[in-house]
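For reference, the structure discussed in these notes is given below.
Order as written gives the chain letters A, B, C and D; numbering starts at 1 within each chain.
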Amino acid sequence: MLRSPAAMGSGAFALALALALAACVAPAERKCLLSGSWRSDTGCRMVVSVLSKDGRFSGSYLPGPAAGNSEILTSPLEGSQQDARLVPHPTFSFIVHWQLRDSDTTRTTAFLGQCYTGTNGEETLHALWLLREAADSPAEDWKATRVGTSIFTRIK
Amino acid sequence: MLRSPAAMGSGAFALALALALAACVAPAERKCLLSGSWRSDTGCRMVVSVLSKDGRFSGSYLPGPAAGNSEILTSPLEGSQQDARLVPHPTFSFIVHWQLRDSDTTRTTAFLGQCYTGTNGEETLHALWLLREAADSPAEDWKATRVGTSIFTRIK
Amino acid sequence: MLRSPAAMGSGAFALALALALAACVAPAERKCLLSGSWRSDTGCRMVVSVLSKDGRFSGSYLPGPAAGNSEILTSPLEGSQQDARLVPHPTFSFIVHWQLRDSDTTRTTAFLGQCYTGTNGEETLHALWLLREAADSPAEDWKATRVGTSIFTRIK
Amino acid sequence: MLRSPAAMGSGAFALALALALAACVAPAERKCLLSGSWRSDTGCRMVVSVLSKDGRFSGSYLPGPAAGNSEILTSPLEGSQQDARLVPHPTFSFIVHWQLRDSDTTRTTAFLGQCYTGTNGEETLHALWLLREAADSPAEDWKATRVGTSIFTRIK
């Protein structure tokens, strides 16, 4: 799965060339950045700050109309985007600490995903996530973690 | 899954009482903090900084003797611990951006777990993780993510 | 997470009532069965046999047009559907043993999901899956498993 | 991730040689079969039938002493083992349909794993699993699935 140094060299050159061409021809292809407002496929909204120079961001996850999310209050998120502005489909990761109505249970979700730009220039975020609800004891640890996917599209 | 306000009230009281008792009787029970050096069940080492006032930390993931990890260079991690010093089994999350020998593939792991203190006072970290290797295109996104668990014990 | 006997009693009654009403008003609501031909969101096709009396089925997973799947040959699947014809959104599970072109690596996927009928009567299968590629040794076991989701719609 | 035909050829030869040597020198290395009684790292017991000629088995998952499992009744399982008796570390998959005390919720777990024989001849099963609890509606599907690992050792 690892490329040889030679392959890397030519790969890096091809990448540089691709980026140079992209800069002239198709700037829209390079935008895929998390900054802005997003809607998930379960109806939640997410607002992400401007990225710092090293790709970090903060933001909020907002409750959506979905029945299963009515317990959620606006919840802070923090994360970073890798190689933003350098590659066509940058990866990202962020953590949400859930603020819940009527509950003091600690719940945290880790999102790990990649930003894709469609042929129409539309950005889509594809992410898998783990959601942990604090277990009361080691004997209950086995059932603490849920898994799923989320797809986000930009709110214009 | 949410407790009623009444249940929360008594739960909060029971928690306060438990913490008060813990403070007198068994201070060791409360230590579970990520700061320090850890060894994973696959033989990797991890060094975590002192926690900031709001529970954040940084650190490094170091290559271990395990055959499958020989390609790994020292890699930076960042994360946070929730309710550190307040609850007996605090949850945590951290992200590792892998630095790989002979490879420029972007790989990121999100760890999500909980710190448990055993009856002997030994701390153990139980975590699930997602590992994403950047996909070249949306059509290859489906196979980008691996999942697994890690158990860490403190190196003394 | 378990209901009290009282809640179960009224739940069971409500369910019986709902099913009785469904039997009169909306028979289409109860169909959600896996038998037939399906297309996944990654472009693969799946053909599932008629269900046996106890909900078992067999079938085939067929290669799709997706770039990442060109290595796949027609692969056998086996599984079962729970409470088929009894509940509106039955769960299901099935295992695929992959037949691969130019490869003798053992790869197996376990799908676990639920069949939903939309307001338009269209059935959709929502599944999470684990894909294991046989590890050569215990030291490589940690990276053997991928995770993801698939959504299937019926081919008419 | 696929090997070239040339690499496959030499790989196949090396495998054949390894198997031939193993047949002479270390028959214990090849036993890794699921038939028998196992204990999971959470204290559950599992009994697996003799394998059929094509690797299928049935069995039962039994309640363990672990606190979180007290609600479980003896639950049926079905699955199969790939390449049993042919490779040193065969993969396996099985499905458990949970029978629960005081609950009519449908819960199903899919296990996907591999059998390893240690240097002492002890067999260990390493598995990842997905556990789905039937969602009441599509809007609640996102939280239906948990993920985790189990390690089983043989009960003698």
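Following the convention adopted for this analysis, a contact is a pair of C-beta atoms (placed from the backbone, for glycine too) under 8 Å apart; a residue touches a chain by one contact, two chains touch by 3 or more.
None of the values given here were measured: they were computed from a predicted structure.
**Q** Once the contact rule is applied, which chains count as partners of both chain C and chain D?
**A** A, B
**Q** Averaged over CA atoms, how far is the centre of chain B from the centre of chain C? Could you give it in whole Å?
**A** Here the centre of chain C sits 33 Å away from the centre of chain B.
**Q** How many angstrom between the C-alpha centroids of chain C and chain A?
**A** One centre to the other, that is 27 Å.
**Q** With chain centres defined as C-alpha means, what is the inter-centre distance between chain A and chain B in Å?
**A** 20
**Q** List, in ascending order, every residue of chain D touching at least 2 other chains.
**A** Where chain D meets two or more other chains at a single residue, that happens at 128, 130, 137, 145, 147-148.
**Q** What's the contact topology between the chains, one of line, ring, star, complete, other?
**A** Its topology is that of a complete graph.
**Q** Which stretch or stretches of chain D touch chain A in the complex?
**A** That would be residues 1, 42, 66-68, 130-131, 137, 139-140, 142-143, 145-148, 150 of chain D.
**Q** Residues of chain D touching chain C in their complex?
**A** 2-3, 5, 8, 12, 71, 79-80, 82-83, 87, 89, 91, 93, 95, 97, 100, 102-106, 108-114, 116, 118, 124, 126, 128-130, 132-138, 141, 144-145, 147
**Q** Which bits of chain D are touching chain B when the two form their complex?
**A** 128, 147-149
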